[in-house]
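Quick heads-up: structures coming right below.
After this come two complexes, each holding chain A, first together with chain B and then together with chain C.
Here is the complex of A and B:
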């Protein structure tokens, strides 16, 4: 089955077309503002028309038969991939206020997709789905229970597709490097906003992200974990409003804040040098180490570390470093923790989830309706 | 989010400026705004507004509806201009010429540039797909310049209530040079009437009263300028066996004063002066005019433009300042100077009569309003589109707090 994978955002639409039986995409690309004629003119619905044109013009052997769309957020409602129906769309619209930058462009894309290809099944996969069933102790916050309930505040992870696949990969490590089982995995997703999850079997028990993607490890521009008192201090001492604080913490902090310029996670470990870079590198490694320690503590043990994400090859640098510093399970004589990397790109993982979901579509339809 | 808004606003710049140019080229002197109203209505209908209404007063209103009943922010600009004295202009007042980054023409600064910016600020929010909690009302209203905000009053009294909307905040697109203005002085025209059976005593008293207020024109009051702005010589007439003198006075109004207080004060002074000269009766009134709007509707208006100011610490001003700073366009807060009589804004109605916290934020410059060779900067129109959208999102948009700009 030929699967067209779409990853919408407010500034671009990434796409990949997979032929049945092949791991590599027959067609892959991105529609962004430049493709839409002029700066700022990007619209997801228009971008979709261009994707269809690209599919038609390509030498890919078959036209799409199934569309898979990756959504950053599905709230507590979506614990599995979902076939698009009117009811699903309605539920998604109800969630838009919880992910206001990400869901509206995705909704616009889905609507255009249904108009253009009315007979085509569309399956949605959600990054948060993997984390919906985090243990209560992990998903909650030490706040007034009434406020938490009223505002629906809870913790999620936002790279669930990578983590889920990484844990499946880890199971293949059984027997490798002396491991006898591989149930307790530290999954380190190396994306522009990195995320670490501790997973027992298929169930995550700890994740670094929070009620929004701002919490957790520092990102390329996001501050990561922060004392809430600092936020209040910014408001009080500098007279900043919520938008200014948000702009600072989400867009001008993290590696950008530490180094004073825009830098990728990859560049931090491979290309860049200088005192500020060195400090940022130390901060990032240290924060990762602490998060891994928390993950090990949450699981009580660790069988393997798996790196994934677009910068998975940083595992070559971070894997030995982390494995050497995590005093394994409190025993210095214990063997070093095995680590590996998930090399496959996000599009492939989405296509796999979509294919699996479509294979069991009778169940899928029942769930979504 | 601001990166996205900025990028999207760049894509709308040419459309917004072209719309401002179209409006400048369309005559819309007060009480004759029909053509401009039709153009605004047509444009709004071609854009993404959820509803467009053309009300009985001739106002054109575009709505963006949020997911909740409120809050509601009102973006308001007037459709009308003053009449141009072509002899004072170096080119036709309706040229709408675009040159060197400036749009020239009557109303460019006051406030067709602001009107286009407000319409496109709403469009920008819609095209950016940013969800709104509350509502955005873009109201382009009639009869502001010469009608003492008759259009805005009709909007607030009838049109919006019929739609079930009550603004919680208002932003006027009047000329502020992209600063935040939060009030201005006002003015009132008064007729001091001196009346009596003895014509000599009436004339002597009237001259004394006129002299008294004429002297007051040269004295600063506790505010920075004189309370009395101008007086004119008494007009004499006879009626019902009485001699009557009418002394017209133009009086500045300050934000702490009400019209009624000023009338009482002027009457008290006039009585003291007049009665020291002769046995006369003194009264003070505000002249009224009957205005006929282009839709045929008529209304009686007093010659008053209320002074108004919101608290410099009002949450609207504070939130506007904060969102503008976050959006990378910090704005200072100030007051309009309005150094010529006859000027004013709808804030007098919105704040004083309807209690709606109001600020001004527009691309034009106050000094170019009601002046020959008026123009507005094209970059400031584009800046106003972006910045107004940012402020509106801060007031009624769903916050994007925590949703990082890092790709996730």
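Here is the complex of A and C:
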């Protein structure tokens, strides 16, 4: 079955077309506001027409037979992939206020998709689904219960598709360096906003992100964990409003803030040198170590570490370093923790989830093929 | 040398007169309900020679509380102080070690008052009053943040624009340093090793504020509190770590001014905000232990409080590497075995093996509540910030430098 994968965001629409039986996409691309001839008002629904044109013009052997749309947020409503129906759309609309930047344009895209391809089944996959059942103790904040209820606040992870597949991959490490079980896994997703989860079996028990993806590890432009007192200080001292602070924390911080220029996670560890880069590299590595230590405490042990995401190959740098630091309390006689990497790109994992969901089977993953 | 130590809280003033270097308490006490009138009258609970008395007297501010305390001490010649030590919560970037108060010290203190608006202003006022009344007495300021000046750059730096951080001084300062330094030196003494060979995680769990400190070679390398005392663990009324986007959402809410959000996160969150009934984790745990258990809100409060603590302990044990000890101190850390049990059980990955019986029956301090086979000792140590300050004052004035930094506890 040919599957068209769509990944809408507020600034671009990524797409990939997979032919039946092939792991690599026949077509892959991205439409952003420049391609749509508009500036500052990108709508993924407008971009969809261009995706269809690209599919038609391509030399891909077959037209799409199934559309899979990846949504970063599905709230507590969506714990698994969902076939789009009127009822599903209604439930999504009800969640829009919880992810106002993401869900409204995604909803517009889904509606455009239904109009353009009325017979086409559309399956939604959700990054948060894997984290809906986080334990109560990990879900919450030390906040006033009334405010929590009023604002619908709880914590999630936002790279669930990578984590879920990566944890299945960990089972391959059984037998490596005497490992007899791989139930307790530290899953390190190396995306522009990296995220670490601690997973027992198939259940996450800790994750670095929070009510939004801003919490946790620093990203390429996002600050990650921050003293709440600093946010208040920026408002008081500089007179900044919430939008101005948000722009600073999400667009000008993280690795960009530390180094003074835009830099990818990959570039940070592989390409560039200098005092600011070195500090940023140390900050990132240190924050990962803290998160991994917290993850081990959350699970009570660690059997394996798995890296995933577009910068998965940084596992070569980070894997030995983290595994060595986490060996049972640094005792030299402790066995080193095995680690591995998931090489599959996100589009492929989404296509797999979509295909499995459509077939009505349990989700099969790339690693089993 | 008699050292008079002041530990000034937002509405209280603790004091101890300690004969150094013998570390013998000559007198001590606490001025309570300092500030605007409350439902109960202000009083000083004064301790001397094994006796305790209460003196009821109005104390509208810390300067007047200081005057009343000095009246109580001043009646006897042998209670005259030779030096004064002040606990200061925040030293900002200006004060990275303990200092002798000089002419330019007070203006510099006033400049950093806003960094700890609840604590620093009354402490600064007290230093001024003390200097005015006893200009001849040497005064030493001991900063809670000073012990954390050894935190490396990669741990004290926030991932914010570097220029903004440098302009506003947005770095991790860390807090409770006086207590962490004191229990670290006591732990080293107890374990019979040199302080500069001690690797540990110190858990200062107060009934109000709380923080963990990662200690390598006797020095602080990280603290869960940050730029302000709001970051880190869930505390009695403080939220601890929070998604920055949530603080922004609160600011953007109708009526969400900075002051109101600050009040919400500092005074109406934490255990109080979650449980809705009490700010004291001991009440929540007691309710949980009763037949039928706690209600949903108290259960949530207990779980989140303990879980955050456990995660940070794991994080810092990973940082420390081969830890010699986990140290529990201050009110909750010293007296609530359930907290130690919940946080340390199932932590064999870090070499911790708590002995439940020893943990439940601590009668003598310091106590080691780990099993004999545990790779990491679990110590319960009574903190003594006033004594730590007296040591700092004594060693600074005797010319041997800041006590907490160079002391050899072998």
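By definition in this document, the second predicted complex is superposed on the first by the 349 of 369 C-alpha atoms of A that agree within 3 Å, B and C clash if a C-alpha of one lies under 4 Å from a C-alpha of the other, contacts with A are read in each partner's own complex, and residues count from 1 in each chain.
Quick note on the criterion: a residue touches a chain if its C-beta (ideal position, glycine included) is under 8 Å from a C-beta of that chain, and two chains touch if they have at least 3 such contacts.
Every value quoted in this text rests on a predicted model; they were computed, and no experiment measured them.
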item	value
Partner chain(s) touched by A:153 [first = chain B, second = chain C, both, neither]	second
Partner chain in contact with A:214 - chain B first, chain C second, else both or neither	both
First, second, both or neither for A:242, with chain B first and chain C second	both
Which superposed partner A:276 touches (first chain B, second chain C, both, neither)	second
Chain B versus chain C as contact partner of A:230, first or second or both or neither	second
Touching partner for A:11 - first (chain B), second (chain C), both, neither	first
Touching partner for A:72 - first (chain B), second (chain C), both, neither	first
More chain A residues in contact - chain B or chain C	C
First, second, both or neither for A:251, with chain B first and chain C second	first
Partner chain in contact with A:294 - chain B first, chain C second, else both or neither	second
Contact residues of chain A, present in both the chain B and the chain C interface	210-212, 214-215, 222, 241-242, 246, 254
Complex interface listing, chain C residues touching chain A	153-155, 157-162, 164, 168, 170, 172, 226-231, 234-235, 238-252, 258, 261-262, 264-265, 268-271, 273-274, 276, 297, 300, 303-308, 310-323, 346-351, 375-376
Residues of chain A defined as touching chain B within the complex	9-11, 33, 38-44, 72, 96-97, 99-102, 104-105, 108, 127, 158-159, 191-193, 210-215, 219-222, 239-244, 246-247, 250-251, 254
Residue ranges of chain B touching chain A (in the complex, touch as defined)	1-4, 6-12, 67, 127-131, 133, 318-319, 321-323, 325-327, 390, 394, 397-408
Residues of chain A defined as touching chain C within the complex	136-138, 140-145, 147, 151, 153, 155, 206, 210-212, 214-215, 218, 222-238, 241-242, 245-246, 248-249, 252-260, 276, 279-280, 282-283, 285-286, 289-298, 300-302, 325-326, 328-331
